[in-house]
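In what follows, chain A forms one complex with chain B and a second complex with chain C.
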Partner chain A sequence: MSVKLSHRYRNQATYLMQTVVTIAIAVFCLTPMFYILSTSLKPRGAEYMIPLELWPSKPTLQAYRAVLGIVEEAELESETKGSMVLPADQARIVKSLNFITPLRNSLIVSTSVAALSLLISSLSAYAIARLRFKYKIQSLIFLQLGAMIPIAVTIAPTFMLMRSLGLLRTLLAMIIPNIFYNVPMSTWLIACYFAELPFDLEDAAKMDGYKPIQIFRKVIIPLAAPGLFSAGVFAFLGSWGEFMLASAVSMGIPAVQTVPAAMLNFSVQFRYEWTWISAAIILSVALVAFMTLVFQRWVIRGLTAGAVKY
Partner chain B sequence: MAGVRVEGLLKRFGNVTALDNVSLEFEDGKLTVLVGPSGCGKTTLLRIIAGLEDATAGSVLIGDEVVNQVPPWDRNIAMVFQSYALYPHMTVFDNIAFPLRARKISKAEVKQRVEQTAALLGLSELLQRKPRQLSGGQMQRVALGRAIVRKPGVFLMDEPLSNLDAKLRVEMRAELKRLQKDLGVTTIYVTHDQAEAMTMADKLVVMRGGLIQQMGDPEEVYSHPRNTFVGGFIGSPAMNFIRCSVDCAEASLHAPEFQCKAPSRFVQVLRERGKDAVIVGVRPEDLKVVPVRTEGAVPATVYISEPMGKEMLLTVEVGGALAKAITPPNVRPQIGETVWLTFEEECVHLFDCDTEEALPVA
Partner chain C sequence: MPRQHKFSLAGAIMKIRLREPTIAFLFLLPAFIGVIVFYYYQIVQTGIYSLHNLQHTADWQTQPFVWFKNYATVFRSTYFWQSLRFTVYFTVMATALELAVGLGMAMATFWVSRWLGGILRAIIVMPWVIPPIINAMIWRWLFHADVGLFGYILVSLGLADKPPLFLTEPVLAVHSVIFADVWKNSSIMAIFLLGGLAAIPADIYDAAKVDGARSWFRFRKVTLPMLLPTILVALLFRGIDALRTFDLIYGLTGGGPGTVTETLSSFAYKYYFTYGKFGLGSAYAIVVFAIIVGLAVIYLSRIRRNLRFKE
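So, the complex of A and B:
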């Protein structure tokens, strides 16, 4: 009886401790984002008010409209009392604020990277998971070795390659390298799903009159859709947040900057406009956070992939 | 419809020889069963005929055309797999329609043929279901439907009933045989179940170790096994074997506590070959158990009795070996009891001790 009670007490104590630690970590991680969100909803200049407001008494979307370049100059002027920016610069500031372009560029780059890396990865994954050839496992390992080289090491040769191809200051200079940054991980993930499919299905499709490429399209791809989706989500999220290459190849041109590179410029150019910077941060992470929440099941599948033998 | 022929087929996987110079003809319109234990090469042979494996040497002919270089999707062969291999993301309708769509047949004709095939197999109510919503028997019929809807020249079936329960297997056996007779398509059927092989085959091919042991009508193979392997594999329970010494002068066969006259049809060959030992084979259903000693009866000690409902399966010790006998259900001797076994001379098979081949009849 005392052993049972002690066991039950230990379980409850463990559960309580786990809950407390989880809440503490969540608070630690989420508090900064909460404060950024709160700041983004304050009127311009309100971030300097004493006492500090944890949540604005009158939340406003003015900062978001300003960052997206859709705020009226008159509205901006009325809020600049007490701001650190001189009135003569108001028009220039309003015109230069435009976070829609980096958001659009990031969307184009990430979507292209996801789609094209899926195309390449699915073909190589099929070979690794379904075909018999010498040095199959060594090929997969060799592919992964490439992914282990940090981007900081490859950034210079990649930059020079894009320059010699005449692709600097274009979105292609971000799309092409990001595809190949993602191919190793995507290949591994998709190969795990392909490996689980029974070989009988392919044999049956051959006997039904289908050639290998048709079988790949009509049987293998639909059945491995969860794996493909996971790989696509990973590629999208990974390329969205890629900063080093994006910053280097865009060379400071706002028209071709993606969100991370534009964010750096923005925070330097408007370094005292905390409401605007906060709004830009929220816009930068909103889509990614939404996708991670909605597709968290696929993200977790991707993280736990690799448990299948070839 | 087309006959199939394989000539001199050799298949090696590394150092393992799966098929060793196999030559066979599968008659047009007939159901030929390849039977044998696991690893005998029957499935490998089937897959080579299908084009899913390449032969190391030898030829495969469909009709009169050598098809070694023809890919499986061009061979006009349909195959039913042991696992059924239904496409899980497609409905029953789409599974059956899949081979028709590969041939760019019109939607209207696809619909008509699928519905006809579904009606033939009792699947009309299930067309919109997915494979995971079907029972084993239903999945098996969908796999069949997918094979027959395209009217191929040859059917290949790789143990299609082995995943079904015993009762359903017996039912489907009869249905399959009837379907094959109605369609008249050349069918090659692989199984490890000798009962299935015997009931279904127009022609039986027994294989072991990549070699053909015997081929012929099921009755012929059953009544005249070519060696002890065929004798022991075909028929259930298996044929009993007792090693006996031969007295050529007396034309008699002897084993510990066992003696019988050599069948007259073997006497000449026993004397010509000067054999001093042979293997005697008698099927359990040919052994009669009598309560008292009669002329020619041999004594046996009951080891165990197994009631089977309509008959009793007795295991007895005779001639230094264990043997099985099938008796009427009311014969219930006790363990350790002595019983007397009789058998007809024509039911006795003799095999060479060294080669295990059946002795020729004079």
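So, the complex of A and C:
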């Protein structure tokens, strides 16, 4: 009896410990974003008030409206009352923010990069994981070694290359290099996934009279969908956050800036408007965070499959 | 009447019988071309730039060839040695701490009950999702000198009289940058290690348990050795990434105070786009590359060992 009881207590103690550990990790991982969210919901200027409020007593979407360039007359009147700024000037500033453009640009860039790098790297991954040819390891290492080269090394000639192609200040100048920034990693992730499919698949398909391209398209690709998917998310995230190239080739033109480049500009231009900056941060992260959360299982599985293979 | 042959390109291509190596070559071609154009060719170009006295908008052909003068300038400048020291310190500290935190998080996720583990997984990936430059913004606000959350917490706990100058006092700035990096990248470390943990066969644990091994002993003698290959690869992966850190520095401290937190990459970028000295910046970049190649070779020889692709 007493043994059983102590066992139950021990179980409860373990459960308590587990909950405490989970909460501790959650606090570590989520506090910064939580505080940014809370700042973004404060009225303009309230972010500097001491004592700091962990959560605004009167949450408002004012900052989001400002960042997205949606503004109402009455709001401007009250905001500019007693200050030197005229409502019209304030309206012009707010209208010029318009964070929708970088969000749209980033969406275009990241989607194209994810799709095209997936196409290219699924081909190369198929060759590496499932076809017989000489110099296989060397090919893989050739691709991987490329990916080790820092962008700081390649940025100057890439900038020159884009200039001579006349692509500066266009989204293409970000899309094309970013595709290949992601190809080596995607190839690796997908190849690891392909390698796990049984090798008789091809033989069976060949018996049924499939041609190599058909085997690739109709047999292998559908079976490896989760691996492809996680590689796609990886490429999407990578190009969503890519900053050095984006800020170099967009050359400060708001119309072609992606989120990271616009974000930096924004934070320089409005360095004291932390409710606005916070709102912009939340807007930049919301989509990718949501995407990762929804597909979290696949993403982690794809990533760990690659890691275990090492 | 003779049968009409309608020519179709797709049909013709499908009819060609290709040998497997040829197919492999064709499949690899797009990736190879891209990687050559955007990585290898660029390195050669950067190498050429680094031998010229190249200014921002000029073509390198028209600029004076200066042999290794740019490298001499680089190696003679105290800024270079300082930023090299910082880059190495940053890399070592950040990677080590990320390993510790990531391992802790991975072990915890593995240890807690099933549904808590599911929640933890979702929470742990979150910092990884945040782009580096956005991460820099976040910490600029949390480390704010007057109203930053961190300073505020320290003051309200009575640990400091006034908020510390996280980003403007040299020693503090260095460690604030490291902290911001650790916060974001412990996640990816944990994800990698989770994969490694999941690959350890369960019966090894059970055997150890039956033998009456204590949990610390089990961790040291069973988990850690089995996890070692994954740890090594994760360390190299992160180390290579940390050596070329740029975004975080650029957004968080801008290399300041002074040039205390300037990494080699951020210096190269500054030479390029702030001072317009492409030649000198290229010399910096080549030095970064040389350092990274060393690590990359170890890393690649490491992953090569376990490749189990169809030969």
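The rule is simple: the second predicted complex is superposed on the first by the 262 of 310 C-alpha atoms of A that agree within 3 Å, B and C clash if a C-alpha of one lies under 4 Å from a C-alpha of the other, contacts with A are read in each partner's own complex, and residues count from 1 in each chain.
Note that in this section a residue touches a chain if its C-beta (ideal position, glycine included) is under 8 Å from a C-beta of that chain, and two chains touch if they have at least 3 such contacts.
Predicted model, so just to flag it, every value in this text is computed and none were measured.
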| item | value |
| --- | --- |
| Combined model on chain A where chain B meets chain C, clash or fit | fit |
| First, second, both or neither for A:211, with chain B first and chain C second | both |
| Inter-chain angle, chain B to chain C through the CA centre of chain A, in degrees rounded to a multiple of 10 | 80 |
| Touched partner set for A:60, first chain B, second chain C, both or neither | neither |
| Contacts of A:222 with chain B and chain C, given as first, second, both or neither | first |
| Which of chain B and chain C A:200 touches, first, second, both or neither | first |
| Partner chain(s) touched by A:111 [first = chain B, second = chain C, both, neither] | neither |
| Chain B versus chain C as contact partner of A:101, first or second or both or neither | neither |
| Per-residue contact with chain A, leading partner among chain C and chain B | C |
| First (chain B), second (chain C), both or neither touched by A:33 | second |
| Touched partner set for A:265, first chain B, second chain C, both or neither | neither |
| Touched partner set for A:274, first chain B, second chain C, both or neither | second |
| Lowest C-alpha to C-alpha distance for chain C against chain B (Å) | 7 |
| Common interface positions of chain A, toward chain B and toward chain C | 211 |
| Complex contact set, residues of chain C against chain A | 14, 18, 20-21, 23-25, 27-28, 30-32, 34-43, 45-46, 49, 101, 105, 108, 111-113, 116, 119-127, 129-134, 137-142, 144, 146-147, 149, 152, 183, 187, 191-196, 198-199, 229-230, 233-234, 240, 243-244, 246-247, 250-251, 264-266, 268-269, 272-273, 278, 281-282, 284-286, 288-289, 292-293, 295-296, 299-300, 302-304, 306-311 |
| Chain B partner contacts - residues on chain A that touch it in the complex | 198, 200-201, 203-211, 214, 219, 222-223 |
| Complex contact set, residues of chain B against chain A | 50-52, 71-73, 77-79, 81, 83, 85, 87-89, 98-99, 102-103, 146, 150, 156 |
| Residue numbers on chain A that touch chain C, as the complex places them | 15, 18-19, 21-22, 25-26, 28-33, 35-36, 39, 47-48, 50-52, 120-121, 123-124, 126-134, 136-137, 139-161, 176-177, 179-181, 183-184, 187, 191, 195, 199, 211-213, 237, 240-244, 248, 259-260, 263-264, 267, 274, 277-278, 281, 284-285, 288-289, 292-293, 296, 299-300, 303-310 |
